[in-house]
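Two complexes come next, and they have one chain in common, subunit A, joined by subunit B in the first and subunit C in the second.
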Partner chain A sequence: MSKKLKGVLRQIAIQLFLLLVTAMVLFPILWVVSLALDPRDIDKPLELRLIPPGASLQSFRKVLFEPFNLLCRDPSNPATCMKFGGLLRNSLLVALGTSLLAVVLGSTAAYAFSRFRFIGRQAGMLFFIVMIMLPTTGLLAPLYVLLSQIRIGSEPLRASLFGLVVAYSSGFLPFAIWNLKGYFDTVPKELEEAALIDGASVTGTFVKIILPLSVPALAVTVLNSFMTGWTEFILAWTFLDNPSRFTLAMALRSMQGQFATPWSEFAAMSILMSLPIVILFFLLQRYIVSGLTIGGVKG
Partner chain B sequence: MFKKLGALLVALLVLSVALAACSSGPAPTGNITLWHSWKESEIPALNEVIAAFQAKYPEVTFDVLYVPFDDLRGKYETAVATGGGPTVLIGAADWGPALYDAELIADVSDLAKSGFLKTINAAALGAVQYKDALIGLPQTIKGVVMFRNKQIVPTAPATLDDLLKLHSAAPKGDVYNTDLEAGFFFSAAHLNGIGGKLMEANGDPAFSSAKGVEWAQMLATFGKTGLGEYYTDNDVNLFKAGKAGIIIDGSWNMTGLAEAIGAANLAIDPWPTTSGGHLSGYVQTENIYLSANALDAAETAGWAFMEFFLGKDAQTTLVKAGHIPAIAGVEVADPLMEQTVKAFERGTAFPVIPEMGAYWESMDNALKSILNEGADPAATLKTASDNITAKIKEIRAGQ
Partner chain C sequence: MAVRPVAADAGPKPVFKRPSLRERIKSSRTAWLYIAPAALIMLFVTLFPYIYQLFMAFTDYRVRNLRFNLLNPETWARYAPPFVGLDNFVRILTNQLTIENYDFWRLLLFNITWTVANIVFHVALGVLIALVLNSKTVLLRRVYRALFVLPWAMPGYVAALTWRNMYDDRFGAINQLFGVINRLIGTSFPTDTRWFVISEPPIGGLLSFLPLAFYAVLLANIWLGWPFMSVVATGALQSIPKELYEAASIDGASGWQQLRKVTLPLIRPAMVPAIMLGTIWTFNQFSVIYFISQGNPFGRTEILITQAYKLVAEQRLYGVAAAFSIVVFFILLSFTLINNRVTRATEAYDV
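Moving on to the complex of A and B:
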């Protein structure tokens, strides 16, 4: 067998393997799209057809414009039921709040762990690694008790969207600190020293030198923390009591009935819910994959 | 004149004291928080019951919260354990014993009058009697039944042989006569139906027997001779698409199936007879519980609502939501519901004891081995029985 033929066969094998991987990745997505278009409310397509018989956008219309009749402040009054817009607003508040808190607290804490020497530094980092391994639901009971003790006006912090942001951030921060600290360690100290010689303060150096150079790590933190706040529903369903504060993830969960699920609407809602994550990923993509510190010292 | 007025005042005083003595206690007031996981189609009936209660007791307000079924128990346990939570919970029957052992629901035996309890279906009442306590009230009955599409299978199979004959017949194109579910929850009651039993009254396993082997072999036949399922929704999907004539599923899916194939085409048949008895399905209740944190006025209001919920008017209203009444004397006009009630006559009471928790995993593994891998039924059931006995010991040690 000639060398050229071997190369062609190798290329064909690689392409076939990649096609198989692509099919495996795309199949569940196409399945969900097919279910969303299927008006029969079945949990899986009965035949391999992307466009099911009687396909319609009815489920998207229902999810987007009709009230969620299970999520009402007063079930006897449909006007008090949540709609997609209200749920989207709450989800954005929670996800963006979680991202903001994770980036602000995570980056400052990570910088301290990266640059300063203090008692308990090593133990602190080890503690964060242990905390990363704990599932958020494992912290459910202590968080519930703690956030119930703090009251804003007449109601506990636990029952507010801010309480949810605090709970999510507390679960995500160990990863954010660990991840950002690792990145800050790779930023050359000479850059900071040059800034300090030029008269910048430590805070100024952190804000003007370190943070701009750490955009890739910050982008990862923003994306992951946003996804945490956007998709989590177990803590949310345990903490919140007022439907006007419910999120999209909670609404999606509420569609999953004990005995029956409106699969078309469930699939349509899943597709709609994934769009902001996809958009955010595309916005942050170039930061996530790029290495901004290359050439930062010389040249 | 003054004498007459005085006598009138005394008479009024005596009358008011007598009326107060005759009344059942203070009228309910305050707020009732109700948590449930009902379907959207059941909400109008729930609203109607609440409105009727409020018409009777205008001083009572409601906060009603839907929580998905899989999150409801966890949310309730967390909230009540920390001093909060709802006044009243509508939840599964098998939550009751664990919630009561954890002191999260109240024993309402002191609140319930015997006359009131006599109106409740005796079997359903058994689902809320635990350790000499009344841990709630059964608000509806539901269970596993056999659904039939009359257009595909015009006549109900009267015997197991009839059913298996339909089952083994070749499909007409992509339309099957039957798609039979053998998942443990859906098939365990057949064992009682044919004269065996899953467990003793105290929860100890009793299925490792000749009847147990007969039961396992029968389930294996379902998969070997025709289309069979083990905890999948394929049967429901095919039935909804008009491609399966008979399936075994829960009465809770009655509305969805009727909508899919047309109520006129749907039948719920009595379980077919066998040589030693008949096939069967688990019959269970859904209960309404009073929170352990509901004290004083909240207890009065919560219990008043629970009693009202089990009243004839409320139960009649709930029939509209597809709920099979838990009390006697409620008219059920819907033919499908009538057929369901009839099918429940050959049903088996679902065991509502903590020991049941020891059965699920071991029985699932045993049935899968027998049905999918052809394992020896007698030996497999014996192993499962031993595993369950060990798990039950752990459960009892933890109580």
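Moving on to the complex of A and C:
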């Protein structure tokens, strides 16, 4: 067998394998897309079709502009029901707030752990590793109690979006600090030493040298904390009472009916919720591997 | 406590004399200033609840005790939860909880099986596909790489809800896919499988404790999990110097030998921490189990974390749930300690 023929056969085998993997990867995604495009808003999708007959964007229109009749202050009055815009606003507030807190607090703390030898450093690092391993479900009750007792104005912190932001970011911080510290460790100390000799302050070197050189790790922190705020469901569902504070993740869950799922709308909503994350992911993709400390090969 | 191996500071010892306590406090000040904002929020919202959880674990904490407020002495006498010592732990480990289908050791066995099975598939698939796509001669490799991160890029929560619907016995895509296959090639697979109801194990013998639902959630989680391992492996593969392969082939090493003697040893340092992190994530993979199988049939696909959540959300046994979380923590801690001994993995994090 000639070398060229062997190469072609090899290529064909590899392509077949990759196509199979592609099919498996895309199957759930295409299914959701085809459901979302189905104009019949069928409550019983009984066949698999990529493009359903008469495909339209109707279910997107419905999700985007019509009220969610399960998320209402007064179920008999549709005017009190949440619409996509309000849910989106809440989700964005929570997700952006969480990632802002995680990045600012995470990077300053990680910097101290990476660059200073101080009393309590070892205990601190140990604490973070322990936190990463401790399951958070047990915290539901103590957090509920705690955040209920702190009041902003007339209502407890628990029932506010800010309460959620605080809970999410503090839950996310141990991982963020640990990961950022690991990354800061890889930035050569000589750069800072040179700057310090030139008269820069500690804060100056942190902001002007460490942070710009750590964009990958910061990107990972932003992406993951944003995602936490965007998709978290359990705490939000337990803590929030007022439907006007509800988030997209809660709306998606509420569409998963016990008896009847509005398939097309569920699918459209899934796509709308995934799109920003997927776009953010692809924008930040080149940082993602290098930004997770585990991606950096240290041997 | 034998915690030394996880202590992160494994850096080189300073050569200079240890400074006095006073100097150390002084030099610690800047560091503490940087940590203060994060520490403050974590003290209140993370550490305090954890300590409170520790306290709850030794009490019979129920709904009425939610009114118990440490800062308000008026609530102390009325709402303080009764102290029960190690009772919660004993009840957890000896299966004396009033939950249906509760068996701690079965849960633990299932949780470990679930984690091992997932990690094996994630790593094997991830590395295999990374290797295939690492060859420059493969056409369209950029397209494949972009497509293959989609499951990772998609929010896990949305993916889990989607898979739940895919397994719907009548309207789900999986059963319909079997219908399409039957029509295409004339097979007669059942097309009305109730994935999370059937309790008859598909594989008998040693694996007969795994119901069909296990394979269903496993498939969903493999779909979700392998791209991460693949991306980590790809990064590691790209950092292997080409010269090593050239040297190996001059020495007459076959492709297989190159894989075993060059590639795999060199991607190991990146894979080990990824596997460790992946293990902790998978062990506590809440949304896949909770949203897809919901522990069915008969709690046999329940993992520890979903059981803990049900204790809180459905049973409202806060004290037991707190004790449960602590048990789970010790399981993960012992895993990490053993793993650390074997691989010295966490040490790689510190310079």
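Observations on the structure shown:
The rule is simple: the second predicted complex is superposed on the first by the 260 of 299 C-alpha atoms of A that agree within 3 Å, B and C clash if a C-alpha of one lies under 4 Å from a C-alpha of the other, contacts with A are read in each partner's own complex, and residues count from 1 in each chain.
To be clear about the criterion, contacts are C-beta pairs under 8 Å (C-beta built on N, C-alpha and C of every residue); 3 or more make two chains touch, one makes a residue touch a chain.
Since we're looking at a predicted model, the values are computed, not measured.
Superimposing the complexes on subunit A yields a three-chain arrangement in which subunit B and subunit C clash. Between subunit B and subunit C, C contacts the larger number of subunit A residues. Legend: residue contacts after superposition of the two complexes on their common chain; A:140 is shown touching both subunit B and subunit C.
Applying the stated contact rule after C-alpha superposition, one finds that A:202 touches subunit C and leaves subunit B untouched. Of the two partner chains, both subunit B and subunit C are touched by A:256.
By the touch criterion defined above, A:82 lies against neither subunit B nor subunit C after alignment on the C-alpha atoms of chain A. When the two complexes are overlaid on their common chain A, residue A:243 makes contact with subunit B while staying clear of subunit C. Of the two partner chains placed by the overlay, neither subunit B nor subunit C lies in contact with A:235.
Residue contacts after overlaying the shared chain place A:215 against neither subunit B nor subunit C.
Common to the subunit B and subunit C interfaces on subunit A are residues 44, 46, 140-141, 144-145, 233-234, 238, 253, 256. Within the complex formed with subunit A, the residues of subunit C that make contact are 3, 6-9, 14, 24-25, 27-28, 30-35, 37-39, 41-42, 44-50, 52-53, 56, 61, 66, 68-69, 71, 129, 132-133, 135, 137-140, 144, 146-159, 161-166, 168, 170-171, 173, 176-177, 179-180, 223, 231-232, 234-236, 239, 269-270, 273-274, 277, 280, 284, 286, 304-305, 308-309, 312-313, 318, 321-322, 324-326, 328-329, 332-333, 336, 346, 348-351.
Taken in their complex, subunit A has these residues touching subunit B: 40-44, 46, 69-72, 74-76, 140-141, 144-145, 148, 233-234, 237-238, 241, 243, 253-254, 256-260.
Taken in their complex, subunit A has these residues touching subunit C: 7, 11, 14-15, 17-18, 21-22, 24-29, 31-32, 44-48, 101, 104-106, 108-109, 111-113, 115-122, 124-127, 129-135, 137-147, 149, 166-167, 169-171, 173-174, 177-178, 181-182, 185-186, 202, 206, 227, 230-234, 238, 249, 252-253, 256, 261, 263, 266, 270, 273-274, 277-278, 281-282, 285, 288-290, 292-299. The touching residues of subunit B, when paired with subunit A in their complex, are 37, 39-40, 43, 46-47, 50-51, 64-71, 74-75, 78-79, 82, 84, 233-234, 237-238, 240-241, 243, 250, 252-253, 256, 260.
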